[in-house]
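Chain nomenclature is as follows: A, B, C, D, E and F, assigned in order of appearance, with residue numbering initiated at 1 for each chain independently.
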Amino acid sequence: MAVQTGAKRIVSFGEAMIRLTPPRHERIERSTFLDLSPGGAELNTAVTVAALGHVAEWVSVLPDNPLGHYLGRQARAHAAGTSHVQWVTEDQGRMGLYFLEEGTDPRPSAVVYDRKQSAFANLTPGQIDWASIFRDTDAFHICGITPAVSPAAKEESMLAIQAAKAAGATVFFDLNYRSKLWTEREARAAFHEIAPHVDVLFASKSDLGTFFDLEGDRPTVMETARTKLGVAVCVTTRKKSRASRSIALSAQAMGPPGEVVEADWKSVEIVDRLGGGDAFAGGFITGYLEDPEDLQKALTLGVAASALKHTMPGDFLCASRAEIIAAAGETAGGVLQR
Amino acid sequence: MAVQTGAKRIVSFGEAMIRLTPPRHERIERSTFLDLSPGGAELNTAVTVAALGHVAEWVSVLPDNPLGHYLGRQARAHAAGTSHVQWVTEDQGRMGLYFLEEGTDPRPSAVVYDRKQSAFANLTPGQIDWASIFRDTDAFHICGITPAVSPAAKEESMLAIQAAKAAGATVFFDLNYRSKLWTEREARAAFHEIAPHVDVLFASKSDLGTFFDLEGDRPTVMETARTKLGVAVCVTTRKKSRASRSIALSAQAMGPPGEVVEADWKSVEIVDRLGGGDAFAGGFITGYLEDPEDLQKALTLGVAASALKHTMPGDFLCASRAEIIAAAGETAGGVLQR
Amino acid sequence: MAVQTGAKRIVSFGEAMIRLTPPRHERIERSTFLDLSPGGAELNTAVTVAALGHVAEWVSVLPDNPLGHYLGRQARAHAAGTSHVQWVTEDQGRMGLYFLEEGTDPRPSAVVYDRKQSAFANLTPGQIDWASIFRDTDAFHICGITPAVSPAAKEESMLAIQAAKAAGATVFFDLNYRSKLWTEREARAAFHEIAPHVDVLFASKSDLGTFFDLEGDRPTVMETARTKLGVAVCVTTRKKSRASRSIALSAQAMGPPGEVVEADWKSVEIVDRLGGGDAFAGGFITGYLEDPEDLQKALTLGVAASALKHTMPGDFLCASRAEIIAAAGETAGGVLQR
Amino acid sequence: MAVQTGAKRIVSFGEAMIRLTPPRHERIERSTFLDLSPGGAELNTAVTVAALGHVAEWVSVLPDNPLGHYLGRQARAHAAGTSHVQWVTEDQGRMGLYFLEEGTDPRPSAVVYDRKQSAFANLTPGQIDWASIFRDTDAFHICGITPAVSPAAKEESMLAIQAAKAAGATVFFDLNYRSKLWTEREARAAFHEIAPHVDVLFASKSDLGTFFDLEGDRPTVMETARTKLGVAVCVTTRKKSRASRSIALSAQAMGPPGEVVEADWKSVEIVDRLGGGDAFAGGFITGYLEDPEDLQKALTLGVAASALKHTMPGDFLCASRAEIIAAAGETAGGVLQR
Amino acid sequence: MAVQTGAKRIVSFGEAMIRLTPPRHERIERSTFLDLSPGGAELNTAVTVAALGHVAEWVSVLPDNPLGHYLGRQARAHAAGTSHVQWVTEDQGRMGLYFLEEGTDPRPSAVVYDRKQSAFANLTPGQIDWASIFRDTDAFHICGITPAVSPAAKEESMLAIQAAKAAGATVFFDLNYRSKLWTEREARAAFHEIAPHVDVLFASKSDLGTFFDLEGDRPTVMETARTKLGVAVCVTTRKKSRASRSIALSAQAMGPPGEVVEADWKSVEIVDRLGGGDAFAGGFITGYLEDPEDLQKALTLGVAASALKHTMPGDFLCASRAEIIAAAGETAGGVLQR
Amino acid sequence: MAVQTGAKRIVSFGEAMIRLTPPRHERIERSTFLDLSPGGAELNTAVTVAALGHVAEWVSVLPDNPLGHYLGRQARAHAAGTSHVQWVTEDQGRMGLYFLEEGTDPRPSAVVYDRKQSAFANLTPGQIDWASIFRDTDAFHICGITPAVSPAAKEESMLAIQAAKAAGATVFFDLNYRSKLWTEREARAAFHEIAPHVDVLFASKSDLGTFFDLEGDRPTVMETARTKLGVAVCVTTRKKSRASRSIALSAQAMGPPGEVVEADWKSVEIVDRLGGGDAFAGGFITGYLEDPEDLQKALTLGVAASALKHTMPGDFLCASRAEIIAAAGETAGGVLQR
């Protein structure tokens, strides 16, 4: 997991949580033990970028207790930098948790969130030294969950985005609306505040409609997003379900030339679907930073990273660059050699 | 898991066993540990009724040793009442066990029964105070396994059925013929003795043919069962296999009007198929007690409970009323609001 | 686990939590799974009373989600009644958790509490129908943790104590000061408010000094507690450490005659020490209710229950009345036959 | 685990059972899985003899189902021969089971036997071809449990003993009285019938008193046993408890010269005490067969095998000859080189 | 697992390894434990032959340490004879290991071999007494992996094949080319040296092309193999993939009459695919030895054994003859009664 | 686990291995799974230094496969830097392994080493850029195992030591003689070559005798080591066994003034003793770097780190600086505030 020569440096900012899952589709209420794994959208993305050989620094706030240290250890083990994580006392906030029950048809997988009053949600805006963090940084990534966590988190998110911009980093934003955390009205206000700073926007067609009133067919919506919101590239992922654990993944991007570029569909047999979208973002970001002109490569890397993530337990992609390229498959692999 | 207002009270009677299962399709003969779970047809049904918010009392006989207490604890944990369970000394009978090996094609799942000389089989007829048990009781449920366990169990089964009838409870009977426990001839005699007391009969078309000489197409057989056996409602479950772990479930009922009512087919991805039929009975009984006129609702609740049971390990359904209704799906959910 | 004839009925009130423990002395921050077990002082005590053949009803507030249901199931499995538990939505409060790391010398066992904003702490005082709960009730038990959880919990504690008193139930109070939950000053005020209603007080000599300014040797302090605070019986437990996992337990009580009664010392090889004090309270309460004149019996039952609890994992005592009496040993067993 | 040159051949006869144990001192009634291990006095002894490099053939009766095959596999894995095991249908008898709960002070370890109607107990006397089994055999070993299992087992035990004698094999008998299986009166009759055929008798001083009315100090009792019962050697094991899991083991033998030979005391830190006595028998038998004149060696080998057995889970000793000799320690090791 | 009357005796020769596998598709680099299981082509085949009721002796070289003993125990547990295994010191070679990661699409299962300098690879040619091993032996089986392990292993392979031939045993050879162990050039030389001694050859059409320059359609290639290489029977397996864990298996054989005989296709839901080909060989060998004229039976037994192997974890088939015949299915079962 | 201000930077160099251990005293040869954990003397020491808040860089050679990556992940998770680890192909060397069986009296814990032909042993001397690694470095640590691994490893060890010296880093050397890796003669030559470069030497009195012919009482030997070998400080650890899992630890150091400084004895209840000496070195190095004048502090930190390491599974100390200071105890804690 050595850093490759000419590596880019990306910074991501967001909360991470400990996930607790009973094994083999058991129900939480009659489990005797729960498996632990780490997760958090921007951390998941940072881990993917690091797996692809670049330098990924994850900025967050964690409680200085065994649960916070669990997260720090897992991040470092997966090669995400934690030098700028803020460690606060338990009084200042707890470690966010979520409990996952994996269902099969007709039982949906169910999540119990237990993230209120987390160290991250309780952060004090203005204490993170973004200027120093963004020194020599190529990119910044954040998603729509982070400003939704708390007003303080939203305030810090804006500080981070502005500092990234000021430092000349490319800003990536994954819309990721979560109705459990805020209302559409609140989200809308925040997204409109964020959008003008964004270079590359990950968003579904329906979210672009809901939050930016963009209508029409997919290419129209993506094109309008670019021109109206002023983002350089608009990216959206696609999924086809064949059976409950057998799907196919693809993605589309629209960049400067106004033409939709599309990745090949990739068949996936699911072991664990969480973190798949974040791995896609990590793959796309990497490809884009390596060659902003080649959206085909960025999409292919994103889909391959996401597909591979689905084949292993936990939110994190654990794979080498060679494995990710191999997962892209033969044709796609060709794309990746460009 | 609170009891809902206006809750019905049902009593069920039958043996329960401890199931021992090696994990991940391993063979018992080279396993190093076995998972424990509780199971027993009428207990499984009681658990489902309790999950749906009614009062379920399970009557049985258990040895007063750690294995018997395991069963008692599991029943209570799943909200089935155990106040009328008879606890006997180990000398009077052992805890019944069964060992399950889960196969995949072409290896069938295999069961090793180890239930001889159980506390239940060795019960002394006449010692259970049915009159007091059936006070304020809406329904009684028993299946064809119970009288098959031993002559004493058959005698007690008849006492229970007669007392239920005398107390004005609706009597539910699930035919459930088990060739490992008795011959067709023995079963036939018992079923003919039981049938006149039954209000709602669960039976497959083929069993109705074998034991009651009912022939013809399904509606004819069900209708004849009603009129010839004198049961108010005849119910039968249906299953389609798509792949070895992917099936669809449905059920049909014929009530007073002589018309077949049918539940929608429900797709299921199987985690563990044991106890599915008993969960169906529990769902149907509940729906029927809530509204005897609405067989559609009873069937829908039965199929939903059964489908949900298939998605989790063990014989017991562990779910809330809300989850069961959700599993019925949108259309069916509408039925359940009636 | 049948209820014995002539059984007493006790009610207890307090919060319960889910405990999460890594196996084999591992550190939480590098664990891959955590064992679950239930715990809560008054629930632990209720479980012990039920194990001894009496009726124990545990009153509490739990979130209506899988974590809350875990607790409900565990309580019922151990024969504690949950009919009066209040189920609230997740918005009204979370399930309290605590994480335990088991140390060996020189590493202390460490607990990370994560119980803030729990459903119990957030209860709305006045909504529990204590009058109906205390119908036909012989005793009420509460400990000093409950009023410490939150102002609302303190208010409800007082309502419960007063209602118990009004209903003629014997009131048991275990002082149990927890410095992590409130200050000595706050505790002092609450303890002085509670004391006048208490019949039987469990407290250490040092806590009697801290909170009631009682000084002198142990008999003097206990006697003064009785006369000054107006409690009928004052009870205190004792412990000798032989080695880190090898201890001896005893207890003393001072009742009306003003004479100290003392239990035999009992050797214990520790598997898990949590819940030991609560099991002692459960044993003492049971003995006291069976014969208030025989403090020797109450102490013996308390020490035996506590000793046995130490030999098994988790906070709950899981044992039969016969086993608890056997654990008391030969001489003590004689005492228990009285 | 190669057979050494000049290896002796011993045959043992007796029932084996599957043991089911919850981990870490948990109570069976709240366990979710149970560990499996094989056990059976004469099989345990055969396994020790094989570990010491000789040929051990275990004769028994097992059901031809996965549980029986579990036992067969475990025996072969530990190098005990199973060529003469009789496989019977499940109708002819079940696999004997026992459930073990491991306690710590003051909770005793507890066993739930579930061995009634076993394939072994139900054996049909006279069907085992002992004459062919004993061809070229140096020794036969049986213990007092085997004739206690059932009248049929007792009858077959006598046939085996007589055939062994007739074939010129040395007969070893371990008294091993089990009050759960038969009365003292029944055992006494059987032991008196067996004794005249025995060459080497393992028995405690107290059992010699109970069943053969031998009184006096230990040397007197052992000497009288030899002369009165006509056995060549009388052997007894000794144990000192230091703490609940820390003991010391020794043993004494009295052979032809009428002088007590004694093994050094060996300190043991217990992991699992079951099978310790059977391992002692296996070590003694081996030493005795290698050199009947050197009782010191036989005792040393017996104590070392027993001590080593205590350090590992399960009833079986799993060790090499070199490890057993090393466990004997320096001085004792010298004895073993003789 | 009794040996049937009229049993044949087969000998196989080859290396076995310990396989270490993380559970549930986890990646090795973040696993906390690994499951152990035994495996080795010729041992796998021996285990299948023993499961079918014949005598199977596995000849190999193992280090005399706990890892080597693990393998010996597993072989004996599965009824393969180990009397002729050579035990060498750790200095002479290590135990070969391999680490397996089970993938799902698009992640391939991955193996890390760690078998260099193994006790087997380091064997000293000429020290195995083949003449005595082959006494009263019906067949010898070896595959193309064995001579590939090392020059010494190749030399010993030739000695074994020649001795088998000299002793009148039927020689079975499974081509099994492994590119990680040697080059095509090296393999080609060895295969040409071995072929003249082979009676029954298992090989794919493509391998027959690569190593023996046989071209044309499948029947032509198989027929040419027979005539040109001088083998009596040429056998090849076939597989169809329906989905990643759902396949169908079949096989073809061409014997003396020059006509292709073919087994029915058998549907299989895969739990673990390793060892499937070796189980096929074991089934075919058994059928062929029982009746060399009935290739249909041999193929049916081979496909059934292979299908059954796929339904359980590990490289070894663990099943009874009755189960294997049942797995063959109704029609095929008829074939097996011939 | 944040780096403290004014942190020192230390570099260590040596091999690490994966340890595989069966749980609960089981024997490897009948285990079904093995726990994984990382270990390696200099890595263990680096992990302790990082836990104490300093920057620790571990230099080593690892195979670029899942086993090598396991080690890299574990090192980073425990905050040891891996930027200078060399990743080589599997052809260049394997991952070293060792298998541990944990015994109890009289069975010793047993290790099977499987480390031959490791990537580290096969390193090519001269390829590590020590000059750049030692930039801004305060200390270098290596132990006597590293030069023993292979001639190449010894050559690289000398290059590292010389470069450290040249860069002005303090050189720490832990003698650590391993008879399984080389002869006393070979070790002696290497130790004499290394000694002149060493600033702080960790060695037992007996090793100082064996390898440097130093005789006399402990103070004399330590003093002579200082003057004769030219090291600034000589350190030795001490241990008293109370029972097999209950020990006491201490240590002595002799620095410039020629006076023996000694740490308090610390009682320890052992969970896992491996890595204890390396943790001591890590604690001592840290204390020494923070204040070279205060040997008392260095010893106290060393003993506390070692004691704490003994209370948790695995070779690595997982603790915070605060926990290590707390483990030192009250008096010692005072020392640490200096």
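Odds and ends about this structure:
Methods note: contacts are C-beta pairs under 8 Å (C-beta built on N, C-alpha and C of every residue); 3 or more make two chains touch, one makes a residue touch a chain.
Please read all numbers here as calculations on a predicted model, not as lab measurements.
Under the contact definition stated at the top, the chains bordering both subunit C and subunit F are A, D. In terms of the stated touch criterion, the partners common to subunit A and subunit F are C, E, listed by label. Although subunit B and subunit E carry the same sequence, what matters here is overlap: shared residue numbers make up under half of all numbers found at their interface.
Ranking all chains by how far their C-alpha centres lie from the centre of subunit A, first place goes to D. Centroid to centroid, with C-alpha atoms defining each point, subunit A and subunit E lie 47 Å apart. Separating the centre of subunit A from that of subunit D, both taken as means of CA atoms, is a distance of 63 Å. Chain contacts: subunit D has residues 27, 29-30, 32, 69, 73, 77 touching two or more partner chains.
Listed by chain label, the pairs that touch are A-B, A-C, A-E, A-F, B-C, B-D, B-E, C-D, C-F, D-E, D-F, E-F. Residue ranges of subunit E in contact with subunit A, taken from their complex: 24-27, 29-30, 103-108, 243-245. Residues of subunit E touching subunit D in their complex: 1-3, 69, 72-74, 76-79, 83, 87. Residue ranges of subunit A in contact with subunit C, taken from their complex: 20, 27-36, 65-67, 69-70, 73, 90, 94-95, 97, 99, 101, 110, 112, 114, 116-117. Interface residues of subunit F facing subunit C in the complex, by the touch rule stated above, are 23, 77, 246, 266-271, 304, 307-308, 311-313, 318-319, 323, 326-327, 329.
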